[in-house]
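Shared chain: chain A. Partners: chain B in the first complex, chain C in the second.
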Partner chain A sequence: MRIFIQGAGCVSAQDSGVFPGEIRRYEGDRLPVADPDYKQWIDIKQIRRMGRAIKMGVAASHMSLEAAGFPNPDAIIMGTAYGCLADTGVFLQKMVSQHEDMLTPTAFIQSTHNTVAGQIALLLGCHAYNNTFVHGAFSFENALQDSLLLLAEDPSRQILTGATDEITEYSHTILRRFGLYRQAVSAGEGAAFFVLSAEKGATSLAQLTAVEMLYRPASEKETADQLAAFLLRNGVQPGGLSLVLTGRNGDEGNDAYYATVERSLFGDTPIAAFKPFCGEYPTATAFAVWMAAGCLNRGVVPQEAMVKGAAPAQPERILIWNHHHGKHHSFILLEKC
Partner chain B sequence: MEKLMQDLKEQIIQQLNLQEVKPEDIGDDQPLFKEGLGLDSIDALELIVLLQQHHNIRVAKPEDGPNIFYSVRTMAEYITAEKAKQA
Partner chain C sequence: MMQGSVWIAGGGVISGIGRNLDECMASFEAMRPGMAYMQHLHSSHAGTFPVVEVKASNEELAALAGMPAHWSRTALLSRIAVQEAWNASGLGSISDYRVGFVSANTVGGMDKTEDFMAAFLADPAKGKLRQVVHHECGAVTDLVADAMGIRHHVSTSTACSSGANALMYGARMIRAGMLDVVIAGGTDALTRFTLNGFNTLMILDQQNCRPFDDTRTGLNLGEGAGYVVLVSDAVAANIRPWCRLAGFANANDAYHQTASSPDGTGNFLAMKGALEMGGLQPEDVGYINLHGTGTQNNDSSEGLAITRLFEKGVPPASSTKSFTGHTLGASGGIEAVFSAWALREGIIYPNANFSVQMKELAFSPVTAFSRGNDLRNVMSNSFGFGGNCSSLVFSKE
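Coming up: the complex of A and B.
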């Protein structure tokens, strides 16, 4: 079954719109989001209650629906690893400082993981299927798989799917203490949403061919074998890829894993990285899908993204391969349409 | 009363995170809910907490809420009356 990305929207450290626009470069261990003017999509009376995860998610979802020209999706499915961290922090902090007394409702209401998809539905007046997956670095991939299953069940559906995650001062400090942002790794955040359907339309950006996950492979060899099998299942030889878009993040051990597998599998295939543009966060693969769809649609891969080889002109087929701490591996295959 | 109403306006803006609203934008007798400042039922809960936190006053009868929270002036009058009872 062929699935098409009919519209995409992204709030990230890069400009919104279709990638690649003007590439923004940052230094430091945290990439700031280039916030759009959220008042375009959200009434100011509602914005005051929304944390950044919600605002980014609502904005990205609206951008994708506007791009697809489809205002009312048949399902809203998203992934988030951390949920609405800022409001969770506010609520917990008040619980402690106020001895569990006089707690206000707003931070609590806004703190649950499914608040983002709920707010998107409320703003759209959408009463359709609404689901949020919270599975660490597989959150977005699970949302994608649920979307593909729903489309297989009923190909006439238009599905809004995506992911959002935010950084807060507390989370950044804690994760840094855990060693997540050592070496050259920059923390990231953002939201990316897509309108998926089974029919190619005038706005189609790219074809989403397949999504698979691999949890805790025993070795690089097992990962290479699984990757090769994934490609074979989808009728693709490793040499048939225009580009492998990896989740290199600047950590030597993390990046060496990619290099080892690439040597055994991909030969001269050009290799690129997406995390220098969006930072490291568990749902960063949503950014990667937005980036790859833009590259396929525009026929351009920015040279700044390249790790090995020259940027391919007019790419036809891009494999996104991300791993999060060597445990969560995801393979997403996109093709030009 | 004037000082209390000014303080209340600042507290309301902070508690409800009313972005782009300044104290002088809120009229003393302007309705806080619906057609006035446009507050809703969640804000009503926030205002009840505001009275507890900033003025140490608990609203004993929820049915009095619409009268107490009609405007900044009615809130100030309620606080003044309750403080007098506590004295």
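Coming up: the complex of A and C.
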């Protein structure tokens, strides 16, 4: 069975709409988001009370449903590593500074990680399967895998899947103290959603062939072996890829891992990176899927994305490979449709 | 592609009524709910709200778990229950199988983050970073996966119904042939964050909670962890499994971010879906382990949805939260263990503190512990914020 991306929506540091448009460049260790006009999808009174993770998620999900021309998904499945950090921070700050006294419920209600998927269901009046995965750099990947399983179980379904994560002052300060941005790494945030189904239609952007996660590989060699096996299982030779779109983020050690595996596996295959456009965050692979689907659909890869080789014209197959501290690896294979 | 059955090879649980399944059973049999004023969590509400703490300090839990005592209590509880579940399965070495781990929790390492915040808020350069290193929900799962030597698949889902969602996801990965064995369930430690959050919603009872009683005024928060070991047909052939996970469904109420719809639309759809997947009729169910938090809204919605689905008669039903409190992300896992064990042993659990019949319902919960019941199918309900509703059905064969 083949699975197609029928519609996509993205809120990120780049303009919404199918990638690549005009590329926005930023300086500093925190990329801002090019916010769309949220009033299109959310009541203005609600917007003021909503954290960014919720707003971005609701907006991206609506964009993807509109693009697919499908308002009633048969499942809503998403990933978020940090959940609704802004509301969590507000509630924590008040709880501590007010000594657990005179607290109000709004921030707590909106702090729970499944708020976004719940809000999307509420706005759509959707009673279908609803699940939220919260597992660092596996969050979006599990949402994708759950979606592929649901489609294998019943190919007639239309599935809304995606991810959202936000940066807050607190989280940025804490992650900076961990030394995450000591090198040329920029923090990012954003949301990307997709409508998936098993039937190719007029709006289909790309084929989502497979997703796989690899937890704690012992060495670069194990990663290379697992990656090669993943490609072969899906009928692709490592040399048959048009592009490898990696999660290079500017951290030397992190990026060297990609280079080591690429040398043993990919030869002359062009290599690109997506995090210069969206920043580093655990669910950035959702942005990468949006970017890759756009590249496959338009037949163009922006030269600015290239790490090695020339940008391929009319790409046929793109592998997204991301890792988080060498511990959580994910492989996502997309093909032209 | 999707084929075969998924079996429960064993289960493990730690809760406020016992550090393992045997101790929990003894508490049910002796009608000994676990509510008390808190001993381990520090909160200005300590003398106001009874809670159902696991009766052990972090140091004691760390020794049981074989983990450092400064790690999140959520991870310590998880490891203890996972190990018991694995031992109960009789499967031997984890490295002999393709084992996945799907765990649920709602606030990850929040118990440590909230300790961090006082120093951090006074000065953003202060606060011990080791207190926030496991803040993410998934980080807690990774710690336990690493301690168990699980490599093939780790994931974390969230919501108060997510312990049940973990079982569903695990079962579906087995049926798709991706894994042979999945340890699935959930964990959550008590935190000031959730205690204060539920307090702002005004749904915490200052007395012991009274699920499905007309005088109920809220829930008691609890903590703990519960996991089952799910296995494929091929693995089950070599052991004596407890029972089979015959049906499950996840539906959304799509009514309100925290409240249930008055008629329990999502609850109804989840229960109905689980029965349909199992090829069962409502009258095939011998016992329902209720979600039954003890809030006005939750119990009324669940009760009315049950009345509608079980129109020919409601089977014996009880809320074990009247003993364990609401353990949030852990509850679906803990109650899955209780439900699977009930089926194997013919046990029906009592609902504590019931005295006044709910006006809107024609049925009332079971109030006495009993063994020797001829149960063929048991249902377990888990509902949560965000309209998330999940039901599981366990079957003897």
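The rule is simple: the second predicted complex is superposed on the first by the 337 of 337 C-alpha atoms of A that agree within 3 Å, B and C clash if a C-alpha of one lies under 4 Å from a C-alpha of the other, contacts with A are read in each partner's own complex, and residues count from 1 in each chain.
Throughout what follows, contacts are C-beta pairs under 8 Å (C-beta built on N, C-alpha and C of every residue); 3 or more make two chains touch, one makes a residue touch a chain.
These numbers come from a predicted model, not from an experiment.
J.: With the two complexes overlaid on their shared chain, look at chain A and say whether chain B and chain C clash or fit.
T.: Partners fit side by side after overlay.
J.: Touching A:142 in the superposition: chain B (first), chain C (second), both, neither?
T.: After superposition on chain A, A:142 lies in contact with chain C alone.
J.: May I ask you to decide whether A:105 touches chain B, chain C, both, or neither, giving the answer as first, second, both or neither?
T.: A:105 contacts both chain B and chain C.
J.: Touch test for A:44: chain B only (first), chain C only (second), both, or neither?
T.: Touch status of A:44: first partner only.
J.: Which of the two partners, first being chain B and second being chain C, lies in contact with A:211: first, second, both, or neither?
T.: Neither partner.
J.: Determine, for the superposed model, which of the two partners chain B and chain C contacts more residues of chain A.
T.: Of the two chains, more chain A residues are contacted by C.
J.: Look across chain B and chain C in the superposition and give the shortest C-alpha distance you find, in Å.
T.: Superposed model gives a least chain B-chain C C-alpha distance of 9 Å.
J.: Counting contacts the way the document defines them, which residues of chain A are shared by the two interfaces, the one with chain B and the one with chain C?
T.: In the superposed arrangement, which is not itself an observed complex, chain A uses residues 103-105, 109 for both chain B and chain C.
J.: Enumerate the contact residues on chain C facing chain A in the complex.
T.: Spelled out, the residues of chain C in touch with chain A are 1-2, 43-45, 106, 108, 113-114, 117-118, 120-121, 124-125, 129, 132-133, 136-139, 141-142, 145-146, 151-159, 162, 165, 169, 172-173, 176, 192-193, 196-197, 199-201, 250-258, 265-266, 269, 384-388.
J.: In the complex, go through chain A and note every residue touching chain B.
T.: 44-45, 47-49, 102-106, 109
J.: Could you pull out which chain A residues touch chain C in their complex?
T.: Residues 76, 81-83, 88, 91-93, 95-97, 99-101, 103-105, 108-115, 117-119, 121-122, 124-136, 138-139, 142, 146, 149, 152-153, 170, 173-174, 177-178, 213, 215-216, 327.
J.: Can you list the residues on chain B that touch chain A in the complex?
T.: 15-20, 38, 42, 45-46, 49, 52-53
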